[in-house]
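Alright, structures below, take your time with them.
One chain, chain A, links the two complexes that follow: it is found with chain B in the first and with chain C in the second.
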Partner chain A sequence: MKSALTWLPTAAIVIVSPVYAGQYATVDEAAKRAFPDATEFKESVFQLSADEVRNVATVTGLPAKPVLWRSLLAMNGDKPLGVVVLDSVIGKFELIDYAVGIAYDGKIRNVEILAYRESHGYEVRLPAWRKQFFGKDKSSRLRVSEDIASISGATMSATHITDGVRRIVAVVDQMKAAGKF
Partner chain B sequence: MNALLTPPTTAHLRKRAKPLLGTVVEIAIQTDNETAFVNATDAAFARVEEIHHAMSFHERASDLSAITNAAVGTTLRISPDTWKTLSLSLEIEALSHGAFNPTVAPALVQRGVLPMPVNGEIPATASSLAASISMQENHKVRILKRVWIDLGGIAKGYAVDAAVTALELHNVRAGVVNAGGDLRVFGDLEHTVAVRVPSEPNQVIAIATLENLSCATSAMYYAAAETIAGSQGQLKYESVSVIATSCAVADALTKIVWLININSAEVIATLNHFNAHVALLDGAGQLTRI
Partner chain C sequence: MHATKNRQLPLAIATSIALALASANAFAQSNETQLLNRLEQLAGELEKVKAELKQMKQKQDATPVLIAQAAAPVSASSRLGEGTQLTAYGEINYSRPRRDSSATQADVARFVTGFQHSFNEKTKVVAELEVEHAVKSSSDNGEVAVEQVFVEHRFNDSFGARAGLFLIPLGLINQNHEPHTFYSVNRPTVETAIIPSTLREAGVQLFGEQDNGISWSTGITTGFDLSKWDPLKVEGVESPLRTLHQEGQLARSKDLSFFGALDWRGIPGLRVGAGFTTGKAGHGTKGFLAPNARTTLADVHVQWTPGAWDFAAVYARGTISGAGALNASFSGAPYLVPKSFDGYYAQAAYKIPLSGDYRLSPFTRIERINTGRSFDGVVAGQNVTAYDTETIWTTGVSFNIAPTVVLKADYQKYKIVKDSDRINLGLGFSF
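Here is the complex of A and B:
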């Protein structure tokens, strides 16, 4: 097995513009990975009443989130297998879209990140020391969004996703109790 | 080089990400179809989850909790993953003359960085891993002294290595596993690695291209200085990246370079031992590569 380290020459070192994004999975892919047995996914919107929103906040100890939740009901013929709920949270530097698949018995089947994008969009400030890294023109800039590079060092924070998953479990619980699912 | 022989870039890879290890774990691999892709990545993510449960400081059922709560003189059987990570930790602790020290958990509990263990008592802390445990055969460990171990400085890298092994067992030819910035590139693939600019973390600098290597980075972005384990004195760098074959090694070595001067004999000896390289960004934004 060949292993090789190539330091990029200083002239080729570039600073990426601050907006970048990553696409991992479509909603359909996430749904099928959670429920491979499903024959059909029905688009659905969970709507919580004011009481149900309060219940979710009490059960999870998290601030209440929206009243409406976009979801897909996983069906095998007439039999409901579970539901895939879609949500977005703010991470450390970015907005993260994710999907949670929950089986009819309440068990989590899959948590899948769909996409993320850096939420800041401010202009690049340019201290003198950083000018050394800039290429000659825009085309020489590396764009992480095109998957040329991985970032080493702290990236997304999962804390808000973990909280979000807990909230979705509680939302689905409320929906089941209300006979809406 | 003949352009036709240039390995593909990550643009040809299929990607998947899940929230694990308190971060987002991203897997990008060469694959033929969705079924093969999902089977291979499911197996790799499952390994990461398994390692998380075994080596979590927070979870009561983890191996580390069992060690924390064990009486002196007892011998415990732990998971092969924890056993291997502790063995590697002992090796790195010895090579670095104690700069790498996974027994600093009590200090972190006192600062509120880690939770109080079940029995609620902070022991007179053991000074080193070597003084606290001794590795036995058959994945057993003997407790020599009361100890709290925090493998936060190495477990994430170990999980990345294990995920790569799982992918290779599923005949995945090439790819990248990135657990919150600790990453490993494997197979016939050249991959560029970038690091964040510590003072403006939503911008990144590309530093190197890797093939069958790992890169891990420790940096101060928004965290307070004292959350860095055992931080002694002034911070010399804003960001430390280590490149080595194993991601567990790269992960652990960033802590050593972070804590001691890069020019010190024990750091150089440890880096040489693992054939590791370093990229540093200092407070003035100067990039140094060794």
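Here is the complex of A and C:
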């Protein structure tokens, strides 16, 4: 029963994801790039309580988002290395699917674009732009035009991904504080 | 036999109950503490099962919420259904000339609405319909136009094609022209007078994007039509190419244009690029005196956004060659076809984040522009010489009340045509 409970929302997330996209990195590739030392990735769903959802919104200054977050726990044997959280945000018009790897110490290991659907603004895919996030954590501003450079011609996509990463960092911090990670 | 059996059943049951009670009583008397422990354990397990059931119900209840939110994250556009989005932007402006308040006017400069629809994972259509100056009728100055309508198909992650009516990739504004993408009330003069944004033509193009930060596009489109030049209208002085573009309106297509554009964004916050479009503009017009005229428009641009700063610069230059005989025929007319015209601007802005989505961005921009730097075919008596280069300073603030909703105010100062000095106010939105 517990297994079914875990997979039900996961399946729901997968099912509702639109398919109109170029696939730039698979989830597995994103996870392995974030944690090359991992011996195993366990699929999991983070569930936030109402208080935790409010905390995330307060900390990030962003609207509340889903209470459930699909993720992969990176393990090296029994030792947790970190987590890869999957999410989607609107770029300018279309959804962008992306993954954020966060180490156990709370620092961002990578940001991978899984699917990009816009006609313009693909530059959020560029490795040089995504590297700006690496090593940042909950103490970072994680805001475009502050510690993350904007992208000429792709301002909305850059802003929304940056906001999304900031939210995920806060979500993982809440999970860690609650002992769920 | 049957009756006897029925009569014996209550007796058997009573005997069994009595024996059971007696047995239970004896058991209870001997194991009372153990039984209580067992009952408490069962009660605990029951509570656990109830909790799990409650948790399952909560998760099932939460799932539809998740689905709804996942399908509609913080949205910049309005989703009409699977694969279809409604888009729009608008600009409402007020302008008050400093030296002639009677020319003060308010204008719904443009309202554009459109949609994008994805047919499958590789193919989409993008369309925008624009109304300029609010009303179009026989007695009004408005304009209704298709701003874009093209089909895009991606061959793979970094290579695709478009066909239809699309924006030519020149400058910083032509492809990204929604009001929140520039700070001033009006678009930079260089990108309206030299690059007549939004410059679009019908054709086909290939485009690509590389992980090293290079993006490119190239294609063949309809071009300019020099036979539309009217030497009696001042519009040709304000923007030489604005009167010649065809925009997919029964476009003359004997002569086609070729365009190319290259951008590099390999360093976060930096964009460096260039583009051009060139093509003949005579279209075999019978008796036309510039049958081999060629129109070329090119630009280089750079934008650098370190932290809260936003620096941008564009240089654009246009040429119309082979129009000497045509100019010579415009005897007595004041406005000849320029051989060359150009302009540049440099701009600095600083984005100050306030609470929530509020953001204040003071900016200043200098532009130097010449829409008639040289002329071919000027004959005696025409009294046409190269125009003077105008300098325009634009200084103001842009105040975002939402990421794509902006209030603007600026002051424009002209060095030569001082009557153009004016205060501008604007409201813009896009989604």
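One rule holds in what follows: the second predicted complex is superposed on the first by the 122 of 181 C-alpha atoms of A that agree within 3 Å, B and C clash if a C-alpha of one lies under 4 Å from a C-alpha of the other, contacts with A are read in each partner's own complex, and residues count from 1 in each chain.
Everything below uses one rule, namely that a contact is a pair of C-beta atoms (placed from the backbone, for glycine too) under 8 Å apart; a residue touches a chain by one contact, two chains touch by 3 or more.
Fair warning: this is a prediction, and the values are worked out from it, not measured in the lab.
Novice: Can A:176 be said to touch chain B (first), chain C (second), both, or neither?
Specialist: neither
Novice: Determine, under the contact definition given at the top, whether A:113 touches first (chain B), second (chain C), both, or neither.
Specialist: Touch partner of A:113: chain B, not chain C.
Novice: Scan A:68 for contacts with chain B and chain C and give back first, second, both or neither.
Specialist: The answer is second: A:68 touches chain C but not chain B.
Novice: Once the shared chain is lined up, is A:90 touching chain B (first), chain C (second), both, or neither of them?
Specialist: Second partner only, chain C.
Novice: Applying the document's definition of touch, where does A:24 land relative to chain B and chain C: first, second, both, or neither?
Specialist: both
Novice: Touch test for A:150: chain B only (first), chain C only (second), both, or neither?
Specialist: both
Novice: Does the superposition put A:166 against chain B (first), chain C (second), both, or neither?
Specialist: Neither chain B nor chain C is touched by A:166.
Novice: Both chain B and chain C contact which residues of chain A?
Specialist: 1-2, 5, 8, 12-13, 16-18, 22-24, 91-93, 120, 125, 127, 129, 146-153, 155-156, 159
Novice: Please give the residue numbers of chain B that touch chain A in the complex, ascending.
Specialist: Where chain B meets chain A, its residues are 9-11, 13, 15-24, 26, 28, 34, 38, 176, 178, 180-183, 190-197, 200-213, 215-219, 221-222, 239, 241, 243, 245, 277, 279, 284-287, 289.
Novice: Which residues of chain A touch chain B in the complex?
Specialist: It comes out as residues 1-8, 12-18, 22-25, 29, 33, 91-93, 96, 98, 111-113, 116, 118, 120, 124-125, 127, 129-130, 133, 142, 144, 146-159, 161-162, 165.
Novice: Residues of chain A touching chain C in their complex?
Specialist: Touching chain C: residues 1-2, 5, 8-9, 12-13, 16-24, 47, 61-63, 65-68, 88-95, 117, 119-120, 122-123, 125-129, 131-132, 143, 145-153, 155-156, 159-160, 163 of chain A.
Novice: Could you pull out which chain C residues touch chain A in their complex?
Specialist: Residues 52, 55-56, 59-60, 62-63, 65-67, 69-71, 73-77, 82-83, 85, 87, 116, 118, 120-122, 124, 126, 152, 154, 156-157, 172, 175-176, 181, 209, 211, 213, 215, 263, 265-269, 271, 303, 305-308, 310, 312, 351, 353, 356, 403-404.
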